[in-house]
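For reference, the structures are reproduced in the following blocks.
Shared between the two complexes below is chain A, which has chain B as its partner in the first and chain C in the second.
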Partner chain A sequence: MQIKSTTENLSLVRDFIQETALNKGVHQAIIDKIILAVDEASTNIIKHAYHSKPDGDIIIQLEFTDDKCRIILIDFGEGFNPSQIPQPDMPKYFEQKKVGGLGLHLIRTLMDYVEYHTDKGGYNQLTIAKKIKNTAA
Partner chain B sequence: MSDFSTTIREAGDVSIIELNGYLDAHTAPQLESAFSDLIDKKRFKIVANFEKLKYISSAGLGVFMAFIETIRSNNGDIKLTTMIPSVYNIFDLLGFPLLYEFFSTEKEAIDKFNQQ
Partner chain C sequence: MDVTIEKHNSYNNIILKGRLDTITSIPFEKQILALIENGEINFLIDCEQLNYISSAGLRVLLLASKKVTPNGGKVVLSALQDHIREVFEISGFTAIFKIFGSHDEAVTFLN
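For the complex of A and B:
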């Protein structure tokens, strides 16, 4: 799917993943985790890659294999270096009253695979994947 | 469009804020303004009732972090109640149970304020 970079579209993204993953027989508890990770990733793109400007494009692709769901998010905004964003130490995080920055932490916690790539051609690609079990199994 | 709303009720000097629907980066500003209104009215004893909240992302959790210090420095607190498991799991994942009190019913949270 392709959306414009506005938080209004987050519910469309969640609905898209819910319907697609359910049709593939993925267990709801796993779908919930994938939905949250993709919501957080999309929110980060809107806020940080496009600085909340609503006219950017975000492409979201879902791929399923027997044991894995892979999601690729592509944007054409500003890139970042995820290795410079440390894992937050939550008690310190609360003390410092830091708000935000939890999205990447959640994505790393919820998903089994996270890779980020900034291409010199002017796009950024985040690939995240989750092991799935079919409910039929 | 994300569907989210809040309803405020009062029980003595405790304010109950009911969260309804989907709390994400789009709807979090609505919750921020609800907390701001309570603080403006000097209502610092707050119970957040999550019974009708179906979904929360980190933008929603951030709202609770943004206001907690102001509220606690005024002898108040935000106590969290009645979450469905999928919502509680996100709070748990980010370590909130270390710093916030969670209750299974709204009444227990109100009683806790009244005992203090």
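For the complex of A and C:
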């Protein structure tokens, strides 16, 4: 699916994942985690890659294999270096003034695989994946 | 997202119903910060009917807690649904907030 970079569109993304994953027989508890991770990733793209400008494009692809759900998010905004955003240490995090980096922390914790790539051709690609269990299993 | 605020003698009971996400956390942040500016320091966040929270929602709770803690205040949570509790656990927020199984336990703690 492709959306414009507004937070109002986040509900479309959630519905898309919910419907697609449920049709594939993914357990709801796993779908909840995937939805939250993609919600956080899309929010980060809107806020940081597009600086909350509403006319950016975000492409979201969902791929399923027998044991994995892979989500690819592509944007054409400003890239970032994820290694410069450390995992927050919660008790210390509370002491810090700045309240940020939490979305990426959640994505890293919720998903089994996270890879970010800024292409010189002018796009950024975030690939995240989660092991899935089928409801039939 | 519905936010109901009940004022009690020693605390404010805030009932969250629905989704606390990127969009709904904006008005919620304004509401809770307005209460703090009015001198309120103790908050019980009743999460029994909260069915979604993202980092934007966690951030508001953290912000509120940071603001009231230096004044001896507390932000505590009660009755989290299992999948919401899981978000608190994986994000490390269980180390920051006191979380009670029931509303009554949280009230006893605040009184």
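The rule we apply is simple: the second predicted complex is superposed on the first by the 136 of 137 C-alpha atoms of A that agree within 3 Å, B and C clash if a C-alpha of one lies under 4 Å from a C-alpha of the other, contacts with A are read in each partner's own complex, and residues count from 1 in each chain.
By our rule, a contact is a pair of C-beta atoms (placed from the backbone, for glycine too) under 8 Å apart; a residue touches a chain by one contact, two chains touch by 3 or more.
Fair warning: this is a prediction, and the values are worked out from it, not measured in the lab.
S.K.: Determine, for the superposed arrangement built on chain A, whether chain B and chain C clash or fit.
M.R.: clash
S.K.: State whether A:Asp57 touches chain B only (first), chain C only (second), both chains, or neither.
M.R.: It touches nothing on chain B or chain C.
S.K.: Touching A:Leu10 in the superposition: chain B (first), chain C (second), both, neither?
M.R.: In the superposed model, A:Leu10 contacts both chain B and chain C.
S.K.: Check the residue A:Thr43 against both partner chains and state whether it touches chain B (first), chain C (second), both, or neither.
M.R.: It touches chain B and chain C both.
S.K.: In the superposed arrangement, which partner chain does A:Asp32 touch: chain B (first), chain C (second), both, or neither?
M.R.: Once the two structures are laid over each other on A, A:Asp32 reaches both partners.
S.K.: Does chain B (first) or chain C (second) touch A:Gly103, or do both, or does neither?
M.R.: After superposing on A, A:Gly103 lies in contact with both chain B and chain C.
S.K.: So chain A touches chain B in one structure and chain C in the other; where do those two contact lists coincide?
M.R.: In the superposed arrangement, which is not itself an observed complex, chain A uses residues 7-8, 10, 29, 32, 36, 39-40, 43, 90-91, 94, 99, 102-103, 105-106, 109-110 for both chain B and chain C.
S.K.: Could you list, by residue number, the parts of chain A that touch chain C in their complex?
M.R.: For this pair, the touching residues of chain A are 7-8, 10, 29, 32, 36, 39-40, 43, 88-91, 93-94, 99, 102-103, 105-106, 109-110.
S.K.: Would you tell me which residues of chain A are touching chain B in their complex?
M.R.: 7-8, 10-11, 14, 29, 32, 35-36, 39-40, 43, 46-47, 90-91, 94, 97-100, 102-103, 105-106, 109-110
S.K.: Within their complex, state which residues of chain B touch chain A.
M.R.: Going through chain B, the ones touching chain A are 1-3, 22, 24-26, 55, 57-59, 61-62, 65-66, 68-69, 86, 90, 93-95, 98-99.
S.K.: In their shared complex, at which residues does chain C touch chain A?
M.R.: 21-23, 52, 54-56, 58-59, 62-63, 65-66, 83, 87, 90-93, 95-96
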